[in-house]
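Shared between the two complexes below is subunit A, which has subunit B as its partner in the first and subunit C in the second.
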Partner chain A sequence: MSHRISLFQMIRRSIMHRRARSLSALLAMTISAAVATALLTLYTSLDAKLHHEFRGFGANIVITPAKGEKHFADGTLDKVQALAGPDANAAEFGYAVATTDRGTPVVVAGTDFAAVRRLDSWWQVTAWPTPAETSSALLGQHAAQFIGDENNVQLTFADRPITLHGAGRLNTGGDEDNRIYMPLASFTAWTGALPSVIELQVPGGAAQVESVIGDLRKQLPGIKVDPVRQLVEGENRIVDKTHALMYAAMILIALTVAISVLATLSASVLERRRDFALMKALGSSTIHMVGLFVCEAVVLSIGGVMIGYILGSGASSLISQLNFHTATMPRLSVLPAILLLNVSIAVLAALLPVRLLRGLQPAALLKGE
Partner chain B sequence: MFLRLLIESFRRQRRRKILAGIAILLGTTAVTAMLALATTIGDRIQDELAVYGANIVVTPAAEQLDVQVGGIDVRPDSGGATLKESDLKKLRGIFWANNITGVSPQLPVHILGTTSEGETLDVAATGLWFRHSLSNGGPAIVTGAPALHPLWKLTGEWPKETSPTANSADAVIGSALATSKGIHTGDTIQLTPSPQNPGALHSLHVTGIVATGDTVDNQILLPLSTAQSIAGTPDAVKRVEVSARTKPEDSFARKDPDSLSAKQKEIWYCRPYANSIAYQIREAIPGARAEQIRRVEQSQGTVLSRISGLMWLISAAAMLAAAFAVSAAMATAILERQVEIGLMRSLGASKTSIALLFYTESGLLAFITGAIGYIIGSGVAAWVGIKIFGASATPALTDILNPVLLPVIVSLSLLIAIAGSTPAIRRALSMEPSSILRTGA
Partner chain C sequence: MIMMVKENLAMINPNDLTRPDCAVISLKEVTRDYSGHAGKVCALNAASFSIVAGEWVAITGPSGSGKSTLVNMIGCLDRPTQGALMIDGVDVASMSATDLDRFRADKIGFIFQQFHLIPYLSALENVMLAQYFHSMTDEKEARAALERVGLGNRADHLPSELSGGEQQRVCVARALINNPPILLADEPTGNLDEANQKIVAGLLKDLHAQGHTIVMVTHDPEMASLAQRRIALSHGKVFCHPVGGAIVPIR
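Let's look at the complex of A and B:
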């Protein structure tokens, strides 16, 4: 019992007495823990964050009715949404070719504006129609040039006329520019056409997309479910490569910091050759003294990990706030790895100079050579 | 004397110098590697983003409204306005010509014919460039549809630009069409003469099958010149896809250039925004409407800026960590030598000359190891880059060693080493020489 107290006291004394040296070792351990925490926390949430950015590309699955069918059965969208999960965005579209008052044919699409707005974030719209207005439409910027009065858009489909009110203009640089979009309910009431395309965006990589496609094909037999290949493969490639890059960066930085910490700590052990010699002369064994050094290093490294974990979590949250504009919560799951890493570095740093110390003669050292 | 002290210090205290040197070396290696990766990441990710295809589309301005649903033209092809293929070389002459990495003109036509097995064909076809050399007198770029669609999977060969004989041309068949009509590579499709194609071109030779995963799977792909002669419209193209390296859009990019002052407009014009490049294309090609494809361009910009932003922030973190590590090592190296300092002072050296000696040592060490760290770090960055992104060609030495980084890295390591030494030197100098010598630290 008394032996244990004396070890504790020795460590406490050693740390308190050489405050500057202990502080610099603590600082080194704190930095290594902080850097490791920040990088690991970022690394574990990187894929989710990157996949989130890719949501801007819109639908990665396109669903069309079975061969020979013109439209979906009732409730298909709800089934798709239920199978794909609440995080997925889905929007349905119905298409018809109508004629403007000037006699130009134009594609009219019926859809749910709220769903499209979530799904197709790249649509540049001057003003979205409000859900209450059943006759308000979005005019593709190219289609708008073929319409006389945007507030009074007169269209005819199979001799049935309709008057729409253009709420805003749509600019995408794609096919959408040539179309007129209107609420699905009024579209179906006017043309009798039901939705014929569901665009679905499943968050995540190729594996998630494939599994959703598999589920959809199993649960909705006959219906055509196709991935948008360039989006799925492109996203996968870029996320994988960024992931690998981050991994390389993490190893590089961790190595740098670890070796620097190792150098700093070993130096501080080496520098205490005199203490070592004195203790040896007073009769303590080598193992006992090495134990003391190791304990001291472990205490310092645990202290460093505690401060470093807080600082590192703060840094990772700052980085993701700056870069991804979303917060990253501190992850307790990275703590064991950080602790293990830093304690091993500390133990290694304390053990490294032991061979060198063992060869030294206490008498010579104490004489000051 | 000063010089001798300096040389002897490096000769005799090798262990201490090596320790501090290793810290600086590793720090500069990591920082160089991260900075070298961060500066090239933009181009590399942009190359990867090429799978999303073109980000600018050029169409005839006076064109009629497209009536397309799901990639299928609902209305029969009515001719309409076209662009001139011969105008496309002007793309190589615009201000941001070097940022244009791919050009793919298209001309849709309709094909009537019979396969080798006697099936009748009545399908859509598109005339394209496959490996076209586009030049405006200066250096040429070799481009075409396959370059803009890296995910197209071809079995066989792309058609040759010029037909081997006057009445036969090469073609590639979409995989869905090939399966449903039983067409194989090497087959010949006999064309039915039509008013536009009075019969000069008799047959198409199938050189390959292409799987694209979209509506092109149901089409025939032809060389542009063949499509033009089938449609009877020489030099015509209906739509041009352009892939360009762009700067992510900011609020300035969205401004209407014609509403800006002359000076602001020039700045706008000289930045590689998708909008500015589209504006320059409209200027260069008469009667063209050029627009960014927002689905591709907007999201690409975000992804690109997020990934490169992440790399820069991590580089900053690496720099900070390296700075702490280096200054800790420098401080240790000097604190260890308190006895030496005490001895020098008791022998009459002034504080200034001791500080100068230590600073010079630190500086020299930082300079040499910083330069070595720069070389190793550049190598590491090149190796990591090749491992992850693959190398297009053997990289030249000038690509690996970024000359801008050298002074940055060396001065950073000098700065950090000197800043890291300062507290330790001050501390050592503030202590009484006699007390240092007595306790021996």
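Let's look at the complex of A and C:
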């Protein structure tokens, strides 16, 4: 038997001997590792998740034709889509003011329903028109009030009548509620108006939005490209605040755990003064005993990391399932950081009480009961 | 069985025992004061004497007379407040704490009244612990030491599974495992019944026969009579007398 095995057996026995103490230290370490794992795992996927959430808020860039122009040149949408990348959602809109059969003016918008559906996933729509139906329309809930028969919507633009079929109602709480949306091709054929607004939704934070805006302005000179400020900045603020919150939580938890581990290990040193005195009598140096004690704490902290990692990964998956409706996979990449964090807490918490050993009086401790 | 006797002890010639320069332990005016809340206590007062290599000395005296204080200083667990303490030719008062640890591992074996075994380690591992702090563990040697104290078949038992006498024998095995020249025993039979006292006395006799210097604190006249010499303490002062003789102050 090598003396190494014996050292580990010694540590194992010592941990098992003070089961309650070891367990409470292990518990603290496990909790710290679990919370750190959950936070770090969420943290690494949080930005992506938050940005994904923000996609639901619709466009963060609005593009309008150059000054003096009424509409875009042909192929502008394709260029925008190419510049913004395949992950971006874009939809173009043409607008005209028509009159209902009751003589009320109403804004009619021509667009690509499939694209809008992707871009404005937050819109509340009772039923989307299918792409095949060329005269199918989406009625804003206010606009619908001025229409007699939603299945037979009679509109007139510059003396040219059209009959649309209202497939569903739209409720956004905004200007959209006052409009009637119809397929772009039919819209252009009817009014002669071409798209005059492109709404673009770029994934990622403010930096990505700014960079796409820069590209668009460079590649499409003259065209007006504007960010939807409140959305881009709101997103940034929320992401920053969430980061700060997570850091604060992590520091607080690390501190709490460090204090509880410190208390446990201090009690453990005091409890074992007699053992340490005996080791002194057997010729152990203080460094050697400190080493043993720290080793024990490190073994416990590694145990805590292993259990805590599993628990924390599970918790983060659950949290993200509940909040973002997508599971977060366990991330091995967070393990080194957590190991480092926990082992440093353990070593520090073990080294502080070890100062008590320096004043150890083996003679007095070994003398009697 | 006499595997423990190594060169340094084998070199001792019984005829040298009386020569003072052969002293393995020598105290000159050693004083140990304790200053507590209740004022200064002089546990040991200017003690001077020598113990030669291979000698078996009994330290006797009433409770509180400073016996443990004396033994702990010889064992380098405690330092004199004043005076010179030479162990094996080295002035231990001037040694650093780290050197003292090393020195203790090499030179001293302790046998305690309360045994002081680590409760979660088996008898064998308790013996190996002394090897561990001294150099390297050697299970075969540790088992041999347990066999030597008659516990070969109890090596894997925990202290709680052993009787007091058996625990004390483990303690003896642990004390001799690194083959230290000096064995310090503070009331080694204080917690034992007569039968176990006999066994431990027998072990000490063996160790003495092999050349170990033994300093033993005891209240028991029978145990004291086994020693070659008796050093009596009273109120921290040393009196020395041959076994059975009259008490004569040294100074």
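Remarks
In this text, the second predicted complex is superposed on the first by the 343 of 369 C-alpha atoms of A that agree within 3 Å, B and C clash if a C-alpha of one lies under 4 Å from a C-alpha of the other, contacts with A are read in each partner's own complex, and residues count from 1 in each chain.
Here is the rule we go by: a residue touches a chain if its C-beta (ideal position, glycine included) is under 8 Å from a C-beta of that chain, and two chains touch if they have at least 3 such contacts.
Computed from a predicted structure; not experimentally measured.
Of the two partner chains placed by superposition, A:Thr326 touches none, neither subunit B nor subunit C. Once the two complexes are laid over each other on the shared chain, residue contacts for A:Ile253 go to subunit B alone; subunit C is not touched. Of the two partners, subunit B and subunit C, it is B that touches more residues of subunit A. Residue contacts after overlaying the shared chain place A:Thr126 against neither subunit B nor subunit C. Looking at the shared chain after the overlay, A:Arg274 reaches both subunit B and subunit C.
Using the contact criterion defined above for the overlaid structures, shared-chain residue A:Ala363 touches subunit C, although it does not reach subunit B.
Once chain A of one complex is fitted onto chain A of the other, the partner contacts of A:Ala28 are limited to subunit B, with no touch recorded for subunit C.
After overlaying the two complexes on the shared chain, residue contacts for A:Met16 are found with subunit C alone; subunit B is out of touch.
Once the two complexes are overlaid on chain A, the subunit A residues touched by subunit B in the first and by subunit C in the second are 274, 368. Taken together, the subunit B residues at the contact with subunit A in this complex read 16, 19-20, 22-23, 26-27, 29-30, 33-34, 37, 41, 44-45, 48-49, 51-53, 56-57, 64-70, 74-75, 149, 151, 213-214, 291-299, 302-303, 306-307, 309-311, 313-314, 317-318, 321-322, 324-326, 328-329, 331-333, 335-336, 380, 384, 387-389, 427, 440-441. Residues 1, 3, 6-7, 9-10, 13-14, 16-17, 274-275, 278-288, 361-363, 366-369 of subunit A are the ones touching subunit C in the complex. Residues 20-21, 24, 27-28, 31-32, 35, 38-39, 42, 49-50, 53-54, 56-58, 64, 95, 97, 104-107, 120-124, 142-143, 146, 171-175, 177-178, 197, 226-231, 233-234, 237-238, 241-242, 244-246, 248-249, 252-253, 255-257, 259-261, 263-264, 266-268, 271, 274, 315, 319, 322-324, 368 of subunit A are the ones that touch subunit B when the two sit in their complex. Interface residues of subunit C, counted against subunit A in their complex, comprise 68-69, 72, 75, 77-78, 97-98, 101-106, 108, 110, 112-114, 116, 118-121, 125, 128-134, 136-137, 139, 174, 178, 186.
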